[in-house]
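Below you'll find the structure, written out as structure tokens, and then a few comments.
Chains here go by letter, A, B, C, D and E, matching the order in which they are written, and residues are numbered from 1 within each.
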Amino acid sequence: MDGFWGALARAVGLILAWDAELIEIIGLSLRVTLSAVAAACLIGLPLGAAVGAFRFPGRIAATVALNALMGLPPVVVGLMVYLTLSASGPLGVLGLLYTPAAMIVAQTVLVAPIVAALTRQVVEELDREYAEQFASLGLGPLGRVRALLWDARYALLTVALAGFGRATAEVGAVMIVGGNIDHATRVMTTAIALETSKGNLELALALGVVLIAIAVAVTGTVMTLRASAVRMAYG
Amino acid sequence: MDGFWGALARAVGLILAWDAELIEIIGLSLRVTLSAVAAACLIGLPLGAAVGAFRFPGRIAATVALNALMGLPPVVVGLMVYLTLSASGPLGVLGLLYTPAAMIVAQTVLVAPIVAALTRQVVEELDREYAEQFASLGLGPLGRVRALLWDARYALLTVALAGFGRATAEVGAVMIVGGNIDHATRVMTTAIALETSKGNLELALALGVVLIAIAVAVTGTVMTLRASAVRMAYG
Amino acid sequence: MAEPLLSASGLCFEAGGGRLIDGVDLAIRPGARVAVMGANGAGKSLLLRLLHGLIRPSAGEILWRGRPPGREARQAQAMVFQRPVLLRRSVRANLRFALAARGAGRADRIARAEQALVRARLDRLAQRPARLLSAGEQQRLAVARALACAPRLLFLDEPTASLDPASALAVEALIRDAHADGVAIVLVTHDAGQARRLGDELVFLDAGRVAETGALPGALEAPRSEAARAWVEGRLHTGPAR
Amino acid sequence: MAEPLLSASGLCFEAGGGRLIDGVDLAIRPGARVAVMGANGAGKSLLLRLLHGLIRPSAGEILWRGRPPGREARQAQAMVFQRPVLLRRSVRANLRFALAARGAGRADRIARAEQALVRARLDRLAQRPARLLSAGEQQRLAVARALACAPRLLFLDEPTASLDPASALAVEALIRDAHADGVAIVLVTHDAGQARRLGDELVFLDAGRVAETGALPGALEAPRSEAARAWVEGRLHTGPAR
Amino acid sequence: LQSTTSTRNSGLFDLILPIFRARTGIEVRVVAVGTGQAIRNAARGDGDALLVHDREAERRFVAAGHGTARHDVMYNDFAIVGPRADPAGVAGMADAPAALARIARARAPFASRGDDSGTHKAELRLWRAGGIDPAAQSGRWYRETGSGMGATLNVGTGMGAYVLTDRASWIAFGNKRGHRILVEGDARLFNQYGIVAVSKRRHPRVKAKLAREFVDWMLSGEGQAAIAAHRIDGRQLFFPNARR
């Protein structure tokens, strides 16, 4: 594994030297992933909260669907988005294929069910406690969803981080709709896949370590902010 | 998308006709995924519960680490397991590379942090309620972890399903350590990736739909069992 | 006699294989003060939740001003639960939240929340996270919240159970004030003195059935039913088989 | 006088920017019956949690039989919380769980759980999910659980607050039985009558400080401190600035 | 057997391996990855034989002692495929470098493997022969996909780009859309595959005997005939050229 340490040192060296190419790749990774997670939360949080808080016919089916969609295969999502955005597809005129926008769309599709399914669990649990009080206050559906999401915010941070994890690690979907095009749509995971297929296993691993370090940095920042917020809220 | 419906009809036809090859692939997928999820739960549930329930120095670091490791890139995990199990790696003598066992190991490494991180969140929340009662009873650490896991079992089902989702959808790691060898280590996701790279997009999508259907079936079964258990427990 | 605000007929509730509320008939007139009493597990809290519309009866009917209760009924009622449910927010935010749910405008909300804080002597605690309050403080906050909603009908489930004597008297005074403003009160209590002070009519439950009704304080002085007599005398009463 | 079971000196607890328990000194002899009283928010529950070792004091010291409390102290104490915390299991399973935590063997566990069920008149409810019990039933279960652990020192935080008169008397009888068996009792209550019936010594808290101590019932008849006097008379007492 | 995705995707193994198995009873397990990765994997002993198309790397592999010997086994050829509209107007050209130069001049999109594979190296040789450095245009009309042949073809057909591909991959490829072969037949488009048995001396856990048998069979008359027999839509994909 000597080669690995050498490669890691080189990779870290490239970052420290602010190597344009690596920085570009890292930047795009963060941009795509964070946008996708934000979009997925925008969709998944209210959706999951609604399924968790409201009793409606088909609720169990919706729960099963959300839970099952956590297992959406990236390649399948990639293909679906590809066929939709491709020149002969329904949204081909937008010309989004092989752009970061397409990658964001694909990851959003992938991550939204995860956020929604986990949110449903969290909110359902909290709603068991709050439901009668809310009903007594005559709170409307919108107010309920908002209050539940707000009061569950610390647990939902972990949910968002799970979505973030899935998005950062994901390669199958962004590869298909982004194309891993150098200087255009190459992100950390597709770069790692490329180095692997070139047989540069050490470099691939080193990039993986860099990716994990980025994930740790993002997660650490989020958790630190959370910890201080919790301390304020719980005294 | 005409080709897609034709491909889907063909795929469903193959299943109905109990086509040996497709059944073999589905069977291996389920075997690998379920074994990996079981192993990941065996590791992740107690680990997450311990981090969630105990106050120890470095606890925040452990939480950040678990949350960040949810974003372990499959390709990186695949490479690490590959380098470990490869003939010239430390565990090469076991001869596990390119076998289902290797795929299970890789997916376990991938899924265990997800199970652990989400378990931590669930258990920490529950422990806020139980901690003083447990301390008052003089319950030991082992007893605490066991009781918390048991009382959180319905929420933890969703956690396990999240792990299952990640495992079923996963392709990068099993591809590297399994090799996608026909009749030996080919699973649904690697088969989908193969058909995609052959340009048989419709067939790939059809297989994807089959895979999602399997995930729905597994999830539906689990959730139905859960629903009746909840009904018994909550009256 | 005025048309009843809320009336229930043949109310039943079943769960866990048992009939927990069994054929309750009841009418609550505007401005009434009903004390609901009975042993632990008699079904008092369940009855309140049924009347308030939080759970659905397995049989029987509830009418609000002669019609099935709708949105208007909900907005005209408030309830203090036996175990207060407080949001993970500050004391003040809990009050404002409730008022917002009732559709109060922003300025109104702020003013009424401050007023409620002062009346319940919670102003010193306004910034505290509500869930860190002592049990008695939480109960006072729950009462303040319900009163701030300005209901026409107020359900109170043992609102002074963990209050110190002075706070209990203060809460009783708040309840009396509300009644003076025309609010109808349904009060669950284990305190016979409180029932006499705050109640006009008694509804005594035994194992989900109404065992005794009557005007207070008379009904508690000379109960006709064995269940109520045992209760007053502090004797164990095993009641009918369930 | 016997060596104290538990003694506290200079006990302080700070949170949320305030000193919530402020220099409490206290000694609990074997077989003592201490009634802790005080207004809502005075710090009674916090004091119990400090003494029981659930939270760490910001200053001061707690000794169990003259030494820092360890595992043995924990096993010799039990506590009934103001809000019972029950596991998501049946009533019976809750009892067995507590006994298992205390290290009781399987057969012993089963026998003692059944005995506790009968003594707390919960046998009819043994199979019910504990969290669906009525508030009073939950409180009885919590008392039964603590007693089943056969402690030497028992902390009770308003154990009869939501009990009907008969159940309250039954629980008081259980507590008296335990005391007769040599168990030391620390009881928080807002009920002066209960304090007189069950307590030998009074510790009256005001804003986290001990305002009054003395032998019962005398101490409640003629309190020396303004805080305790206000309490007995049911007057509001704003206490020292906090 | 460590091999390339293009070989596997073309369906060659589905045809020849059952024949080999019927003859010898040996079941061959194929791990299909990029050429670079295949060589690396084999160099770690994670394979008994190697079938790839990068002559230089194969020679180095043998020279380093990982393999016993390298044999030519078959060839096919590369072709430039592109959209039917052919914006650069290269259809029918026989001079591959000149065609690439025209594409560069037209700034028409070109999807490159960009993964250091045998195909990618061949492509770079052709650019060089045409006197063009496409790397400077990377991210503009020159798109380096950094992925396998199939994925690159998907990208190419998806965005109407030209692609240099090996003929076998193209014939077997199922997502052609409007693309077709525009440039072929240049001698510089020759694509040689080599086969190597991994050395037991260097990697003791290798199943050397079985590997030997497979390599021998591939080079034998029967193996070569089987390779030649692989056709899709009547077109032959690989041309055996083992020298014995």
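Methods note: contacts are C-beta pairs under 8 Å (C-beta built on N, C-alpha and C of every residue); 3 or more make two chains touch, one makes a residue touch a chain.
Note that this is a predicted model, so its numbers are computed, not measured.
Minimum number of contact steps separating chain A from chain D: 2.
Think of each touching pair as a link: the shortest run of links from chain A to chain E has 1 of them. Ranked by the number of C-beta pairs in contact, the top chain pair here is A-B. Because chain C and chain D carry the same sequence, their contact can be compared by residue number, and over half of the numbers here are used by both.
Averaged C-alpha coordinates put the centre of chain C at 80 Å from the centre of chain E.
With centres defined as mean CA coordinates, chain C is found 49 Å away from chain B.
Look at where the CA atoms of chain C average out and do the same for chain D: the two points lie 28 Å apart.
The residues of chain B that reach two or more other chains are 82, 196, 201, 235, listed in rising order. Touching two or more other chains at once are residues 15-16, 128, 132 of chain D.
Each of the following residues of chain E touches two or more other chains: 33, 41, 148, 151, 154. Annotation, chain-chain contacts: A-B, A-C, A-E, B-D, B-E, C-D (touch as defined at the top). Looking at the complex, you find that chain C touches chain A at residues 49, 52-54, 71, 74-75, 77-79, 81, 85, 87-89, 97-98, 100-102, 128-129, 131-132, 149. Those residues of chain D whose C-beta lies close enough to touch chain C in the complex are 15-16, 38-41, 44-45, 82-83, 121, 124-125, 128, 132-137, 140, 158, 161-170, 190, 192, 230-232, 234-237, 242. Here chain E touches chain A in the complex through residues 33-41, 111, 114-117, 138-139, 143-148, 151, 154-155, 158-160, 177, going by the rule given at the top.
On the side of chain B, the complex with chain D involves touching residues 129-130, 132-140, 143, 147, 151, 233-235. Note for the complex: chain B touches chain A at residues 1, 4, 60, 63-65, 67-76, 79-80, 82-83, 114, 117-118, 120-121, 125, 155, 158-159, 161-162, 164-169, 171-172, 176, 188-189, 192-193, 196, 201, 204-205, 208-209, 211-212, 215-216, 218-220, 222-224, 227.
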